[in-house]
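Please go over the structures that come below.
The following pair of complexes shares a single chain, subunit A, combined with subunit B in the former and subunit C in the latter.
Up next, the complex of A and B:
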């Protein structure tokens, strides 16, 4: 029958990339920027992390490379939507296409479609303990990153500035806050978190890189952030819910007692739950005041 | 103010140029011409006549294993000096296939076009009809089309049956796991052959089958495998990537697919299912050379007895080894497949999530 401890363990692994990336997206959206570059940033984070780990033999250096790439991806978004004032949807999707294309192209140049390259990846902490047997990055996400970003947004001057430029950039500007600099900072920090989420897939979970590595996880995070109403902890909750239902359906589908339920329905289950959660929490939704709007001094 | 505007405009121009360059580099799918090496040409000697031009037209990037198998077989033929080979990949499923094929047929006038028609069936059939002088050979689950469209598929159910015997014979828990992409006929028959092989040596065996609804998501593949391990599976068949990783972490046995995946888990991977398009490519080239090419179903060339599929060399270095009597059984069955005294049953129905114990 269903093994509950295995279920919780699987949920935490599957939720980790979502937690990193959704936290990063909360940060950028609170600054007023919908970063649809998230899917590409996760993808390129996964690839750059894998690449550097493969070349150096160290997953830590791989992670560092992914973080740098995420900062650069965030800066690129900043150039497009903050400095140039390009439409955020177009800039985000363009960034995603660019980063996925560049990753696949580099992958072909270096690895050209032979056997998959296996890297020395992160090991499990407490590998023999159910539930607690997790990768170090999962612990870092839940104990360090999420509380830090929550505290940053809620209790620091920087967090106040981020929220100010996301709600009312005119007022923030009048108060002497640099709207551009604050938004760049949010995008670069958020980008680093998204890339870390992608790198978790290659550096911890599978230890190799294949095409389509992120498989739409970035888009799931976009929905999770709206579900969470731009708050960090509810985003984590949403990620756990999605990953938990996914882990559950993977167990149910191979359990004889549930063989009557069509596979297609099982596969759709986590998405249905997120849609239902969105619908339930979507009423009276208040977007950040300056969402999607480039800021120009009048 | 003017200066800012100028800076903005030049930044836009720069970015545009960069984007164009990137698109040209990645999206362009530059088909590389593989002029065979001079040495190969010289050794061929007699072949002073022009080598036939063969084009590969792939919907996915060639890093995708299925199209990669076709690409490597054609590349090998080019390296031998049999053909001149060009290819285009990552054509996609949004109308690009018809455009690309028409372009190739009208401008390059190749002797043969190889590719995969899955997801582009109508486009391939239309273009083949309009260019009857060109031989089209495409991966497809449908029938051949007169006069010039042949179809093939990865008929690797033979090695799947043998791999099933290995899995059924080495499981301690009598539970096996299989992780596949989609429950489509060409995957189902591989999974069902695997189950058949397992049950032939171990009537008590139960097989858990998961589909991850994508061809590529190794993290998801691993998670599906871990769910099977949680339900006692101790030998896993990795039809998709990620599964070997799950087996490795728990010190369990696994079986790879599409390429010899021993290097991914030397302690875990007992063997892998291999598909070789070489015999199919050679058959088509021979027919074209003889002027006898007609659209046909080429599936037999992928069968084990014709060298189109095989089991990778057994890896006895896996943890716990492989019992000698089981290896003898597998070898005997392989000989029967080769001689034709045994044919693997073909069952394309979607397998149950968990097989009943007979």
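Up next, the complex of A and C:
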């Protein structure tokens, strides 16, 4: 009745943008910054990737453009919260509004009124094999990006610096580490990952740009990172859980036995699961010590 | 009097300045914190910088470590002028510092914390680092577990990690900012043993303190800092503690204490003359404030208060000693009506106030002067309004506040408590000492039967401290029951009739004041003996 292999395949596709963006968010939050610019960064990543791919015909150049945009978006957050010390909630939501607005505006200028532009999107690796037939970017996420960020945080000087500025910036400063530079680096690296997650939507899944393309995935990632307690692998697990339920509800909708259940309820299902998971695991959370706090030397 | 470089050093050490500070000036707004400070540090010496709170000691050390930029002045390392703009520069010049609040990342391991200052961006070889940490620990003869999470270590152990960090960077100069403020006496001994081992290896140690006996016992030279200036630098061997105290406070007396307080318990106390305002101990009277088996839940399964029983009689000051974080704050919260105990009973003059809110607690006759001064006043409101804020109903005229009576009340208290402020000044603009006086005035003017007071002299200068102490003794003479929670042993020994010691939420011992010595209290505070 339900095709398990198709379900897993769909889950991996749906999870990929979440994995990129949540990994990026782990990086910035471990440095002490709640980056609520994530939704806007994914959105603008999706648009800039699409735009460059449409103009050049190469999805790879589109991806590169998205990465650059993500770095710039991270730097913008850095300017606001690190250099200027603006409240992180305000700066993040402002960044999201700005990036979504700018993307939609540019889209309207360039493609307003016309027919949907389809780009030459990424193809599948092993297209004929169930489950393994995935986009390159999904493989890159699971085999390269996530292990790399995990290793980065755990075993490198950069990772120790990020954790130190996120837990106790005074201590990092006293150890001669530049709190500002480390936070900028985390924001820019994290921004690139968020934008890559967004670009996956246009460059791999959809092949075009539509309004509201990120559809709140950035906000889901914020919840996933808390659920994962700021660790990379549990964040991947959370992304798979969300995507799994999402893929499942799509299958259930076309399953006659479930035809009586309202479509709206089905759509809400993955979000309800995230809320339940957060509620169930939310006790005794230990936030990074400098979460939300700008650093100024006394 | 600041003949710095000509001062002789201890025998056996080369009198070569490793670090020199010349004419350092720093001001915040119109407050001059360092006013032309000259200081030199020689190889193998322990140089103490002695001064009161607010004398500018910490600012000077922060300048040397690059955490604060001076307005002017010069720093020389091995004779060469250098610029120290950041801690990184200081580390590069062989200067390490243990700040008062430790610069440690609690969720990280000891090794990770130690290597933090020298890591690049790439892979960290934690195995090598771990070995180097153990070597450094071995050099100074301390035991550490390099894999332990720093947050799980005791304060004394955390301080050792801080010293290891400095050693790991090959420092030749180690700055210790009030290193003993957070330690129990036994850890203090261990710390100075470590310091001596370091200086034997040629390091220079600069430590700042306001505790005379510590300076006398553990330094080779001492510089006295007062109001941002070095008033004297001399070999410690030549220094008479009484003379040092005078230099430090700039006048010959210090301390208010009970007429019958033990004099020899502490060298510093020996300096204090009994003052006339203290009273004879009144005969035992009725119990006014009583706690029976009070427990308070904490985070997780651990209780922050675990079956605390305590009684304070009329005309008695009971001191609560303990290392900070062992339940004192929670005890005060319970008494102030800010936390409801999960078990036990609290009574004031026979009235049960268990689990009642602040208003009921006050109406039962309990005056509260908590530790957090700023949290006890409304900073934006004026002095006069803060003075009546706990008792607004008494100053009503119809539905409004009777302004004339509020003003008269404020003026009377400002006069009586010599508060340096006008009734209309916002209280947030007052100094710590004056703010504390306002709190005292607010509480004591209602003539409470019992008073709970926590860390009353923290951050106050000598004059304000004396004033606060005298007021507490006056309340005792007037028959109030006073519970004094303090981390300052000297304060407790000078004021209290009895001492109880808290450790991990329990009262682990009660010591009559005649038998209270820092050594005995230290053991209790460390939870080592009953």
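Rule of thumb we're sticking to: the second predicted complex is superposed on the first by the 294 of 298 C-alpha atoms of A that agree within 3 Å, B and C clash if a C-alpha of one lies under 4 Å from a C-alpha of the other, contacts with A are read in each partner's own complex, and residues count from 1 in each chain.
Convention: contacts are C-beta pairs under 8 Å (C-beta built on N, C-alpha and C of every residue); 3 or more make two chains touch, one makes a residue touch a chain.
Keep in mind it's a predicted model, so treat the numbers as computed, not measured.
**Q** Tell me which of subunit B and subunit C touches more residues of subunit A.
**A** For subunit A, the partner with the higher number of touched residues is B.
**Q** With both complexes superposed on chain A, which partner does A:94 reach: first (subunit B), second (subunit C), both or neither?
**A** It touches subunit B, and subunit C stays clear.
**Q** On the A-aligned overlay, A:176 touches which partner chain: subunit B = first, subunit C = second, or both, or neither?
**A** Once the two structures are laid over each other on A, A:176 reaches subunit C alone.
**Q** A:215 in the overlay: touching subunit B, subunit C, both, or neither? Say first, second, both or neither.
**A** first
**Q** Contacts for A:256 in the overlay, against subunit B (first) and subunit C (second): which applies, first, second, both or neither?
**A** First partner only.
**Q** Which bits of subunit A are touching subunit B when the two form their complex?
**A** Against subunit B, subunit A makes touches at 3, 6-7, 10, 13-14, 17, 79-80, 83-84, 94, 98, 101-102, 104-105, 107-108, 111-113, 115-116, 118, 124, 127, 201, 205-208, 210-213, 215, 246-247, 250-251, 253-256, 258-259, 263, 267.
**Q** Residues of subunit C touching subunit A in their complex?
**A** The contact residues of subunit C facing subunit A are 65, 67-68, 86-88, 91, 97, 99, 101-108, 112-113, 115-117, 119-124, 126, 165, 300.
**Q** List the residues on subunit B that touch subunit A in their complex, please.
**A** Where subunit B meets subunit A, its residues are 8, 11-12, 15, 19, 22-23, 25-27, 60-64, 68, 71, 177, 183, 208-211, 213-220, 222-224, 226-231, 241-242, 245, 249, 259-261, 263-264, 350, 352-354, 356.
**Q** Could you list, by residue number, the parts of subunit A that touch subunit C in their complex?
**A** On the subunit A side, the touching residues are 155-158, 160-161, 163-164, 167-168, 170-177, 284, 286, 289, 297-298.
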